[in-house]
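Please find the structures below.
The same subunit A turns up in both complexes below, where it pairs with subunit B and then with subunit C.
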Partner chain A sequence: MVVAIYATIVVQIELSVTRSADPVAVTGITKELDMTLVAAAADGLEGLDGMAEFLDRRSDDLTQMLVEHLAVVAVSVAVATVVGVALGLLVWDRPVGRSVTITTAAVILTIPSLALLAILSPLFGLGWGPSIVALVLYSLLPIVRNTVVGLREVPAPVLESARGMGMTRTGVLLRIQLPMAWPIILTGIRVATQLAIGIAAIGAYVAGPGLGQYIFRGLSSLGSRNALNYALSGTVGVVALALAADALFIVIARLTTPRGLRA
Partner chain B sequence: MSTLTSPDVGRRTTGRRGAVARVLAAPLVVAVLGLVTLLWLQSIELDSIEKRTLNTDYLVDRVREHLLLSLSAAALVALLAIPAGVLIHRTNSRVLRGVVLALANIGQATPAVGVVILLAIVWRTGFTTALVALVAYSFLPVLRNTLTGLAEVDPATREAARGMGMTRTQVLRRIELPLASPVILAGLRTSLVFAVGVATIATFINAGGLGDMIVNGLKLQRYPVLIVGAALVAGIAILIDWVAGLVEEYARPRGL
Partner chain C sequence: MPKPTTIIFPSMDVRGAASGGSATSGGGVSIELDSVTKTYPGQDVSAVEDFSMRIEPGELVMFVGPSGCGKTTTMKMVNRIIEPTSGSIRIDGQDVLSLSPDQLRRHIGYVIQQIGLFPHMTIADNIATVPRLLGWSKKETSARVEELLDTVQLDPAVFADRYPRQLSGGQQQRAGVARALAADPPVMLMDEPFGATDPITREKLQAEFLRLQADIGKTIIFVTHDFDEAVRLGDRIAVLSERSQIEQFDTPAAILAAPANDYVASFIGSGAALKRLSLMPVTSADLSFGAPASGGKRPQLDPTATLRDALDLLVVTGAEALEIVDADGTRLGCLTHAAISAALTQSSPTRGAGPAAGEGVHR
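Then we have the complex of A and B:
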């Protein structure tokens, strides 16, 4: 129920963001809504197992996990963006390289996350290491693919006129193609972020950071009074984080899209 | 991932050689992966714990459990979500559509491990729970793709079919569903590959599968067990995605 309410609100935020002229004001609203929703969630579930008390007692813990979850995703997606866009720039105009890169990234994305995390843990130990490596690998496909698509979809006449004005190939790539491809690349980064937020939850199994810790603590305390509280707060936290991140990306997209490309 | 957010570049842009390479890439990767794992296993000495796991009987059992769980989940999703999508489409209700699409977005943001574990806590552990969790998790993406696919059918085409004297059911069966089938199949393929991945997590709630090997290998620090389990699951996921891709290509109506 709470989740459904959240959904409608986020949808409304998305709508209002696309209309609003002042994105900063909108993020303010998002934050406020976040707080009232957490309170509402606590009220609604109080009858069950003392969720309000649970949240109150563990708010520091939860906040820390929320921040860590965000941190591990942010670091991984940032690395994946640098690597992915660089790869995209390298291969977008080479049919074989392009095909090999995208197929490889697609194969990596197919590997179940628990399997990849488990394989990485003997190599990178427990903790942040395997989580970050796995998240970077999983985030590559949407970013590389969208970079390639974005660079290739710049209309030929635009490229022609840029060349005709005397720009070098690199100049055209960096000053014409990349800015024009940016909205599509950003969509790739947004998809990668959603993906990473979900997969990071499983990272907790190999002692990774984030809200997954509470989900697994719920499992290990199965049968006890707090099992549901742990698992539910962890899961809802991840959902809230993912939705908030998505809303943030809409704002970023508005702020960073070149003037001439805005709808 | 999402078949809707960005166009698939590979399919459109590479020539025949690229197409052949792409068709063969997945089985080749799996074969190399399998060969390397086998050679590596031959070269090391297994202790008694590892021997108990790394034998044909045990492996076949785990693979069977894994396939049973993921394939039946995908089949159930196909049976439930596609008709549900068709029904919602036929109500023509914008509100209902909006609610379903919003829910599908939330569903995508929900971590699978959370769904599986929550269900185990409020219900019980075991195979049935894992199956229900998998179906619940894959239901919304397939439903969404069905709705999107049906909504994307050109109204003029629909109009023309009606004008030719087809009934609404005929339009649905002979025009709308075939035209929407690529999007629907893409959704099913994604959910199938997801099911294979999420079935790994089923081990946490005592539902068997190859996740058992991964978790045991980690807990007992027996890396050969862990790596064989992970390699098997990865290989299965890649091969299933490959087969689903071929089916998708083959089932696409001629004119599309």
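Then we have the complex of A and C:
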């Protein structure tokens, strides 16, 4: 296990060095992380010598952060799913409401996460509050958008025959359109989850939960012996979590897609 | 036993109170359209203008006309998929505009060309849609689903739990018809239901549909642009031109024998006599031609065949006459070219004795 993590870390360093050479590919959170790593990497790889011992000593700590990270993402995406799908159901058939909603969600996503957290913390204090609010806001776009697209993609003859049999508008929406749109909505939730796992790391800036704490600790102690260990274990944890979540979504999609819709 | 839960059309009261129907129960109710007009906002010309028609209970009326003539619009006003601008529509004497559209539609079968089966539901669930809306019990519903699958010749054991995408086009269309029949509606609206199927499947579906209608006797409005389909299926045909104007409304035989005007004639196309022959059973011709001279051998034909089949056989074999022999081998008579011609001329001067033959021509 330790060896595997160690190998991943080495690969990660190489990746981050190459990626930082390409400024276009470096954005948002990864930019901040990469800078830490590059700086640390520049110090030499001797910092990695203590990695195994570092991980060993902090495994409880890491596990807790991993769980917290997962929890904050799960809660946020769950709330965003409820809100996003509800918004989608409300606006899918209203051209003005639809574009206002989607544009608003898109604008929110362009706000840098550090800036948003800075704005939110006076309102929601420190810790979980601002993290969750920020993550919900960021998660809305993919979910609302995919809900709207999914509901609108139901073929006209299906809608016509449903209405022609005397189903109410709400009945058609909930019993025909929503189930048919579900695979597309689920894709939106999956994208939102990936997004939220990445952005959640920044939540540590306002004392939020999760692996971001190690990343920021690494950042703030640049040059110290464990700086790279902190940053790397946090980063790798985030990546691993993202991969695991993605795998989970493949399973969820498999289990929840109506059989008649599976390709 | 399924039953209408909500009484919508007056005569359903009687039928509903009876011990309940089956797939073969029912019978239809009348449909009257009175000066129905549809004008879309922002358009000078009406899509449907001053359309009046009375359709008798249990009648299968075909709306035939070119694309864009308003035939589909006219039909869709009956179940208020499209709301008329003016005029009134009564089903069994009940003004459809006085009913809630959703309630109304649960008592009108609706089949469209693209079928519109719900892809995420099994065939059984698709068919159960309206019974569930009407609040039938689970037992009633599943019994009805099974019965209907049998009716449209889809084996329930095989097809009930399949999904629409696992069915061929023809099978999907049958499931669509079963779904429309689910709550035993007295009225069916069918919008080119067989239009998207290949010719062989279409012919099969048409034959099955005719057999089914003979059993269930629904009042049906059936829209098509295929005149041959109209001749084959319809009790009466309404030939429609632009703005859904009725050029002629009569039985297929009467329209073929005496098209009201050039428009109708052009719609019939060539071979009107042959099309008429295809509507006449061989038994409608004079079969008294003499028996063959001893030793002479003539081609044989079943009495259920049409005169068109007979003519076809005469032409192909080059025989002077055909023997009409039924399944038991009993000889019913003999048919010649001359007898076929005579049958045709005999039937042509009389207009069809359809229920409203007199009001056939509208302009």
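Everything that follows uses one rule, which is that the second predicted complex is superposed on the first by the 216 of 263 C-alpha atoms of A that agree within 3 Å, B and C clash if a C-alpha of one lies under 4 Å from a C-alpha of the other, contacts with A are read in each partner's own complex, and residues count from 1 in each chain.
One rule holds for everything that comes next: a contact is a pair of C-beta atoms (placed from the backbone, for glycine too) under 8 Å apart; a residue touches a chain by one contact, two chains touch by 3 or more.
None of these values were measured; they are calculated from a predicted model.
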Subunit A as common anchor, with subunit B and subunit C clashing or fitting: fit
Partner chain in contact with A:T256 - subunit B first, subunit C second, else both or neither: neither
Touching partner for A:E160 - first (subunit B), second (subunit C), both, neither: second
Subunit B versus subunit C as contact partner of A:V149, first or second or both or neither: first
Which superposed partner A:I197 touches (first subunit B, second subunit C, both, neither): first
Partner chain(s) touched by A:S59 [first = subunit B, second = subunit C, both, neither]: neither
Residues of subunit A touched, compared between subunit B and subunit C (which is higher): B
Touched partner set for A:L109, first subunit B, second subunit C, both or neither: first
Smallest separation in angstrom, by C-alpha atoms, between subunit B and subunit C in the superposition: 18
Subunit A residues contacted in one complex by subunit B, in the other by subunit C: none
Residues of subunit B defined as touching subunit A within the complex: 1-2, 5-7, 9-10, 13-15, 18, 21-22, 25-26, 29, 98, 102-103, 105-106, 108-115, 117-118, 120-122, 125, 193, 196-198, 200-201, 204-205, 211, 214, 217-218, 223, 226-227, 229-231, 233-234, 237-238, 241
Partner subunit B, residues of subunit A touching it in the complex: 3-4, 6-8, 10-11, 95-96, 98-99, 102-103, 107, 109-116, 118-119, 121-122, 141-142, 145-146, 148-149, 152, 184, 187-188, 191, 194-195, 197-199, 201-202, 206, 212, 215-216, 218-219, 222, 227-228, 231-232, 234-235, 238-239, 242-243, 246
Touch list for subunit C against partner subunit A, complex: 79, 81, 101-107, 110, 112-122, 129-130, 133, 163-165, 176, 179-180, 189
Residues on subunit A engaged by subunit C in the complex (per definition of touch): 155, 157-168, 171, 176, 179-180, 258-261
